[in-house]
């Protein structure tokens, strides 16, 4: 009973915040609404006996990823309001129809008991230790190989981020020249000014 | 049916996740602001996470929770690269540009 | 529970990972003007990784780890070898291109090698989560590579478009995987294969498998998930485009092979209709759109969509008749041959662009008169893509049609007819470039003075041309690889 009430409140909050996020004109508002959704989902994780994930959800998602969004908004000064006017007129109705059809299809299937598989894995409450220990055991046995691969993936995400976001790998003098070119030329003429680095 | 007899089953969570996923997908298609589009992707990934956690509970299989870590890690890596692409674009066009200036998916 | 490491089996992956770290660190210590040496380190790493692939192939047998999530068998080894070879050719293509650009060197190779690592993991992945992580390891570096020319708006747009569609498709794919997990209770393809036919909710399984396949349909640029391809291919640096159109695309096909053949083969209703539509749409739309292109990179982009459609044909007929084995072989063989001829065509485009800085087809006029060797090689690659004997492309088409005949159902026959008609259409746009090179005068804007073509680029073109010619005349070479991959 209590669980049901909690679920109902959180679901209402999350859906309301999600819809407002999609419609928000200001990216900062959208980011704050996203945090609301994430916290509501963290509560749902708790209802589902996923204590570790609830904590990780708050720390990583709300704490790191959304902060990254806010930093980029701050850095670029793109927090101006955006008009919701759509330049591609046909796309919006098409998108909404597509979404509604997809949702209807999924909801149609919900009436049944979905999870029909018989699990072969370790249970939620098997063995000793808490939730953390059991998740860790699964992570370091069944999923050890992808876990190792994600290490490289994170390294390369950092490398890629730095490559794209830093000003340039050029020595300072040439860098200044390139930037001056950027300022002087219209975007259409850009291909000319950088032609020495751009075969087709 | 009294309120006390209502039990929280996996269907509630799965329905909620399906709705969240659809909101994210529609948002991604109708918005033009790249940052909000990224946030819509996060919404979709969270719906996926909730689905995995729900199945972990219903199937009594802890692996469903372990999988969520991979989704989290990959989402973080994707966001880092995606935001770097945005920074690279706006570096080039300074002077109070809004995200609307990027011609996206118009061709 | 000890995961039980078999270091010989993962030696290729370990070597590439070590090379990534070494290149990353070495980049700090090289003098600015000597940064090109990082490419040599990367090349040594790729070549070294081929050694354990060969020793594993000689030892034979099947090796398993992590409860069956990681399998080394002839199929995975054949494709790992293919990815290493394709990466080696891409390195040859990139060396001078990236060097001339005066951009950062080391990071380019780090990103390329990481993408390669993702492909190698993909070939032996037999678990949905490993496949997902491998797919992201392929994709995330390529997002950055597509936007490598930061000061070029086209490259920016290529990157952001590719990125948005990539993350959207991976979110959809993950949702499909989560439903598969709920329906079958496992992420291991082996367990899924046992549980899938027993699930009572066939309709939900269809949705789940379809959503999962959408992710790969984006990766292999099947119509209607192809609209990022022309702009991204045109905007990205050309060596990266070559890499995207061959390696990254093949990575998507490998994932599809594993999921369809090892996971859901017993329930063909869930994937066959969708793949049939994807195959037919890709062939028709890819070929017809390619007819209208005036830019050679965009033409090759649509041509690669169309070739992807041809590769999807064996998938769509795999469960019919006795086509299971021949369709698996057909996909593997087609991928190997497509890789060689497409990389070759892009290598000539890159070499040509050193002369003219242009990718318009009209600037290829008269190439045969002032650079006959290039014109001959380009003709070889294009006619091979068109499927003309005795070049390798005919054998790829042959194995594709063989799988259609083995299937023998009406659906397969219709698809075979579409493939045949579209193969004829394809001749027109490939021959248009050939005609331009041999029978048109040199345009005024092009200076027919010889330019220095770097050795690495020549080597890349030579390797691809040799494979196209040898396999075209002795197709037994690749036929044997295909047989081994399909299980002996």
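Letters A, B and C mark the chains as written, and numbering starts fresh at 1 in each.
By definition in this document, a contact is a pair of C-beta atoms (placed from the backbone, for glycine too) under 8 Å apart; a residue touches a chain by one contact, two chains touch by 3 or more.
For clarity, every value in this text was computed on a predicted model and none was experimentally measured.
Asker: In terms of C-beta pairs in contact, which of A-C and A-B ranks higher?
Answerer: Most contacts of the two pairs: A-B.
Asker: Select the chain whose centre, defined as the mean of its C-alpha atoms, is least distant from the mean of all protein C-alpha atoms.
Answerer: The most central chain here turns out to be C.
Asker: Using mean CA coordinates as chain centres, what's the gap between chain A and chain C in Å?
Answerer: Chain A and chain C have C-alpha centres separated by 28 Å.
Asker: So how far apart, in whole Å, are chain A and chain B when each is placed at the average of its C-alpha atoms?
Answerer: Distance between chain centres: 5 Å.
Asker: Chain C: which residues touch two or more other chains?
Answerer: Residues 129, 132-133, 136, 140, 143-144, 147, 150-151, 153, 159, 179, 181-182, 185.
Asker: For chain B, which residues are shared contacts with two or more other chains?
Answerer: Correct list: 21, 24-25, 38, 54-55, 58-59, 61, 63, 67, 70, 74, 77-78, 81, 84-86, 88, 91-92, 105.
Asker: Using the touch definition from the top, which residues of chain A touch two or more other chains?
Answerer: Only 106, 114-115, 117-121, 137, 142-143, 146, 150, 153, 156-157, 160, 162-164, 182, 187, 190 qualify.
Asker: Touching chain C in the complex: which residues of chain B?
Answerer: 21, 24-25, 28, 34, 37-38, 41, 44-45, 47-48, 51-52, 54-55, 58-59, 61, 63-64, 67, 70-71, 74, 77-78, 81-82, 84-86, 88-89, 91-92, 102-105, 107
Asker: Given the complex with chain A, which residues does chain C contribute to the contact?
Answerer: Listed in rising order, the residues of chain C that touch chain A are 1, 3, 17, 20, 24, 32, 65-67, 69-70, 97, 100-104, 107, 110-111, 114, 117-118, 121, 127, 129-130, 132-134, 136-137, 140-141, 143-144, 147, 149-155, 159, 179, 181-186, 191, 195, 199-201, 203-204, 207, 234, 237-238, 295, 297, 349-350, 353-354, 357-359.
Asker: Please give the residue numbers of chain A that touch chain C in the complex, ascending.
Answerer: For this pair, the touching residues of chain A are 105-106, 109, 112, 114-121, 137, 140-146, 149-150, 152-153, 155-157, 159-160, 162-164, 168-171, 174, 178, 181-182, 187, 190-191, 193-200.
Asker: Of all residues in chain A, which touch chain B in the complex?
Answerer: Touching chain B from chain A are residues 1, 3-4, 7, 11, 14-15, 18-19, 21-22, 24, 27, 30-31, 34, 37-38, 41, 44-45, 47-50, 52-53, 56-57, 60-61, 64-65, 68-69, 72-73, 75-78, 80, 82-83, 86-88, 91-92, 94-96, 98-100, 102-103, 106-107, 110-111, 113-115, 117-126, 131, 134-135, 137-139, 142-143, 146-147, 150, 153-154, 156-158, 160-165, 167, 182-183, 187, 190.
Asker: Touching chain A in the complex: which residues of chain B?
Answerer: Within the complex, chain B contacts chain A at residues 3-4, 6-8, 10-16, 18-27, 29-33, 35-36, 38-40, 42-43, 46, 49-50, 53-63, 65-70, 72-81, 83-88, 90-94, 96-100, 105-106.
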